[in-house]
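You will see two complexes here that share subunit A, one where it goes with subunit B and one where it goes with subunit C.
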Partner chain A sequence: MALPQPQKNNCALSEALKDDLAAVMVGSGEMATYDFVFNAIGLRDWCDAAKAGNERPMSMAELLAKSKGQSGVETSWWEFPFPSLDALNKACAAFPQSRDVTVGVEKSFLAIKDSLRFVFDPMTQPLSWALEWALTLFQATPWWIMIPILMAIVYFASKSVRLVFFVAACIAFLAFIDHYDHAIQTLAIIFVCAFLCVVLGVPIGIAMSRSDSMQRLTIPILDMLQTLPPFVYLIPLIFLFSVTEPKLYGIAIILYAIVPVIRLTDLGIRLVDKDVIEAADSFGMTNTQKLFGVQVPLALPNIMAGINQTIMMSLAMVVIASLVSAPGLGVLVLRGIRNLELGVGLISGLGIVLLAIILDRVTKAALDRVNAAQKY
Partner chain B sequence: MRKFTLAIIGAASGIAMMSSVANAASCGKVSITEMNWASSQIITEVAKFLMEQGYGCKVEKVPSATTTAVASLAENGEPDIVTELWLNSTGDAYSKMEKAGKVERLADVLAPGGVEGWWVPEYLVKKHPQLKSVKDVLANPKLVGGRFNNCPDGWGCRIVNDNLAKALKMKAAGMEIFNHGSGETLATSIAAAYEDKKPWFGYYWGPTAVLGKYKMVKLSIGDIDKKVHANNSNKDIANPGVSDFPPAPVLTVVTAAFKKRESAIAELMSKVSFNVDTMNGLLAWKKEQKASAEEAAVRFLNQEKGTWSKWVNADARKKLSAILK
Partner chain C sequence: MDKKIKISIHNLYKIFGAEPKAALQHVKNGVGKADLLEQHLHVLGLLDINVDMCEGEITVIMGLSGSGKSTLIRHLNRLIEPTAGEIDVDGEDVLAYDEVRLRQLRRETMSMVFQKFALFPHKTVADNAATLLRVRNVERRDTVAEAHKWLDRVGLHGFGGHYPHQLSGGMQQRVGIARALASNSPIMLMDEAFSALDPLIRTDMQNLLLELQTELNKTIVFITHDLDEALKLADHLVILKDGYIVQQGEPQHILLNPNDPYIEDFVSDINRARVLRVRSIMTPITDGVPADAHGEVDYNDTLESMIAHSGGDTSHSYVVVKDGAPVGVLDMTNLVKALVPRAASGYGPRPDANLREL
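Moving on to the complex of A and B:
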């Protein structure tokens, strides 16, 4: 049985083409694809100087090629490599490899981490305090005080008795299956993070709506926050803060969930009717008066929709947050996944869904009241 | 209905027999797991090379993690080979499958086995030479930062550690126990402590890239008592005892169907076993060179010919020695 050969094109046309190109591209078996570039511009000496005493790790493909008496890997024209750092390094040892780039990024982060910590650690400390405080408060309050308080908040926000009983039933169900403690921890975290998202997000949204250049600057950042995998920035953050700090997961949740409230605040204010603004101008209103008396009230439905989305997205981060030691339902989900206990995972996942439905219905009911108030 | 089922089974086994006859001469497709950590990736690369170049198999690497691999084995009988399976993190899902005859263990892929334990950084021991065992740490918790870095919820070691903490009365000794949320934060906490030369104390295991890169000293928890350790592995027990971690079994496992289908490959994999020291050396080299798992596998193949040539059969040895002169 024959050894599998490195892929070659068997078709006659490509063979012929390959022969033509071989002289330029591949050279002899001793050379790498891009050797001709460095030879042509006379950098061969510079390249070879770096080669001395620098033994590179060998890849499988090179190993197989070596057994056939060649040091470089011969390529057909079809597989002509992109002039990447690694390909150029093969031809010229003085070129950095792409792994040197990642090493460089890592080294520069470690070099500036002390100054980063000096700035960010005190700045974010209140977040840790708020989370610790909310978790203690929510957990120390006994359930027979906590549930009525929650019901009162729901009534105040929605003025709907039906919704109040729905919420009470959901929480009673979670408590009945012994998920109350975890659910209330999750609720405490969401409470703090969503509150901070609104406090920080609405002003940023207002600033974006008032300045086009601010909007141009902010939108790419918002796009990045929504797509960057949280662990990519969470792991470096552990180098800055202690891993035991609650702010680690607080930051993860806020960065992800703050986006909709910013976007919708900006959109809401920009959508305020031009005629209304003109009328406000003709009354001689100052900018501040216009903002708080006209624009923000008229944008309120959009801002409320943003807050609703922000709360939903912070719930979506509950499991990720538990990967950085956040307490709550996420811990149960992870335990279920890790031990293949499907029931544990499904029930706690359902708990998260129930919390999401509660928060969504309550904020939507509040939104409807705002909408209705604007219509008369 | 019964007859119909029987007919289908008959036809299926007929096809299976035919294909096994066809495969007797050559090796077909083989799927092998590639776990998401460095040592397993090296093992998979080495095994893949031996199978492809020595036996002419077509090898497909399946990126997996312990639980996903076990779940897939249980439900689909795929992939064919699961390697570097840490028995202590599979729960009872694995033992159930083994009892049902779905899978067979071929070898301890790490000899003598995985190292688990409680560690402190080397610089801390140099600074405080009195830290020789966990007892010394508990006598003076401030020296290690007063915090024990525990496993995440859902890991096998979490249950053992919790029981040990109870048996050692760690909280009473003034040691705060911090439960990590994931293996990533556990590893990063070591790296972050090392960067600042801060104290660190907690659970870790090897061979891993982390222990390869950061010099850590394993502190003795006590003598190894397998009975006590087995008892400690159960949740909510009344009488947790003190025992250090015995070497953890780390296995290569194949499906029963695969063993029948590709007996030569099963025989090869039953011999593939890495010494822990060799693996640690490879991992340290890999980290130092910023090399890929594939490049580390090439280094192993080039340097340890005496080891792997004992794994393969005579025919494959001839083919492989032509490549690796």
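Moving on to the complex of A and C:
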């Protein structure tokens, strides 16, 4: 029921009359509830001029209504519409529709896309190189070198022989069921992304802890990054960069996973005992001495907890990122969904769980070692 | 006074709040602490403090919690900035120092010991003790020997490799003291350094401090809320109440001549025989050594040891000797009189004590 068309229905006179009556009864009908607003403020001419100029496309609701034969719906006050863009547009064609908003956002993004790309493309190029390099290196290294290296890293981080053998068993199992290549690709991506998260996130967290205004500024951004559905990052990134480029998923993973390490660095430094800070001041420490000699070491348990969370979140994101060509176990999960291959999906899911357990246990063991060294 | 004044505080005021300068005018016009808080929403921290601290002496600042003693000690190294006043260290105005000079003061002239120890939990005991040297960018291998020397000195031989949490409270505070001593600074600020320790350990630490002091002769500013501790350590005692100085002077003098009901109430509770010394109650010699004396006693003996010495006989009298030369006569009758405090005031620092009397 786009426009008032009393003559449109060629049925009995009583039908047309009924329509008109209904329209009058609820103040010119549901299609133009807000007519009176524009009439009252004298914009009717402006509205009609626009209507004559360009016929706007019909909305789905209107199409449906039309196909129902425009039965004069009894519109009661119960269904009084909110003055939304669409409702106002019905009353006045010059008013934008809600679809114009999304179209506007899209158009403005496309308009600045080239300049954004001009800035971000070279800036993020090293990320592509790092990811490509790590993927090549991890895959080129034969398994009988890679597994001992991983075991050595685990031992260095956790100093626990039990954990070393647990990790070796998990990787051996993955290799046994021929998921080694995919798992090692996932590991390579996490390795690069988590490393960059720490390199970028810890300084941001330190800056936040030292300035309240910086904290006020950053927290809403962190909240947004954490709650925005991960798929939403991917859409603008696809427009910005080519889908074949690794940095596309690299950026998505880093944006998603960097939040905990920033938050916990900030929190950790702010939680350092005030008495100890006062002591540091009373000994005439410079700000740098205080930061690296006292605050960061004492915040280390919290920073490590943040790193643990960051690694877990990058693992979660690396699966989603397989939608934009990230290699690894996520590809198999995606295949499982797409082709409804139940077994493939479940087994690769199990592989991800094993990787998650490995990464979590190792970082937690490292965290416990730090904690044990400096409890009060 | 023949001693050199090391730290001198003049007309120091501290007001906490949004506009301390404006509130300062009210305080100078005679608005009291309670009124200032109620009418102007500012807290009076310190009110017109004037103290001279002599080189090589222990100045004890005593007061109940909220009396401003911790605020006062933090003004000396400017952990808290004053609202008005002047602080001179070695004749230089500390408040005029810029950041670099202030840092130098904190590194080289003053070191601080804290009530809650404030050790660095992530560093070993030896590294903690070497903190001040490391701050000054002394090479690590040079600091190790120095740190161990001071750890040995405070009775922590062999604990250098431990972490602070592995030590008991008393041992942790020994590390705190070693940390302050290792800086070799002439001034030591001790903020309720022994208050968190249990009584026996506290006595140990007091003895350790006195022992170190006879050897090192530092200028020590010691904060406490415990009068017994204050009387034991102080060369110069400053009693604070609600941010102002009630009385200051030689502790024995304050004990025998309290000038305020608040202090009278304070001193009425302590063991006078243990605190008072012969020199405070003797009669100076005017006309030669009396012939009927029962023996010689030292100038610095406590009355407690005198009572034991005389076997409780109040008819005796003794010649008081300082550095081998007789300086006065002690009559045991005077000693017994001195043990009775002047009548305690009707009101004092603890109103509930007076309620009990009613």
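Quick note on the criterion: the second predicted complex is superposed on the first by the 324 of 376 C-alpha atoms of A that agree within 3 Å, B and C clash if a C-alpha of one lies under 4 Å from a C-alpha of the other, contacts with A are read in each partner's own complex, and residues count from 1 in each chain.
Rule of thumb we're sticking to: contacts are C-beta pairs under 8 Å (C-beta built on N, C-alpha and C of every residue); 3 or more make two chains touch, one makes a residue touch a chain.
All of these numbers come straight from a predicted model, not from anything done at the bench.
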| item | value |
| --- | --- |
| First (subunit B), second (subunit C), both or neither touched by A:Phe176 | neither |
| Touched partner set for A:Leu110, first subunit B, second subunit C, both or neither | first |
| First, second, both or neither for A:Phe231, with subunit B first and subunit C second | first |
| Contacts of A:Trp144 with subunit B and subunit C, given as first, second, both or neither | neither |
| Partner chain(s) touched by A:Asp275 [first = subunit B, second = subunit C, both, neither] | second |
| First, second, both or neither for A:Phe82, with subunit B first and subunit C second | neither |
| Which of subunit B and subunit C A:Val324 touches, first, second, both or neither | first |
| Which of subunit B and subunit C A:Pro297 touches, first, second, both or neither | second |
| Partner chain(s) touched by A:Gly284 [first = subunit B, second = subunit C, both, neither] | second |
| Superposed model, subunit A: greater residue contact from subunit B or subunit C | B |
| Common ground on subunit A, meaning residues reached by subunit C in one complex and by subunit B in the other | none |
| Residue ranges of subunit C touching subunit A (in the complex, touch as defined) | 77, 79, 102-107, 110-112, 114, 116, 118-122, 131-132, 134-135, 163-165, 183, 189 |
| Complex interface listing, subunit B residues touching subunit A | 26, 45, 49, 52-53, 56, 67, 70-71, 91, 93, 147, 152-155, 178-182, 184-185, 188-189, 191-192, 195, 289-292, 294-299, 301-302, 319, 322-325 |
| Subunit A - residues contacting subunit C, complex | 273, 275-276, 278-279, 281-286, 289, 293-294, 297-298, 300, 373-376 |
| Subunit A residues touching subunit B - in the complex, by the definition given at the top | 1, 3-4, 57-60, 62-64, 67, 99-100, 102-103, 110, 113, 231, 234-235, 238-239, 243-244, 249, 321-326, 331, 334-340 |
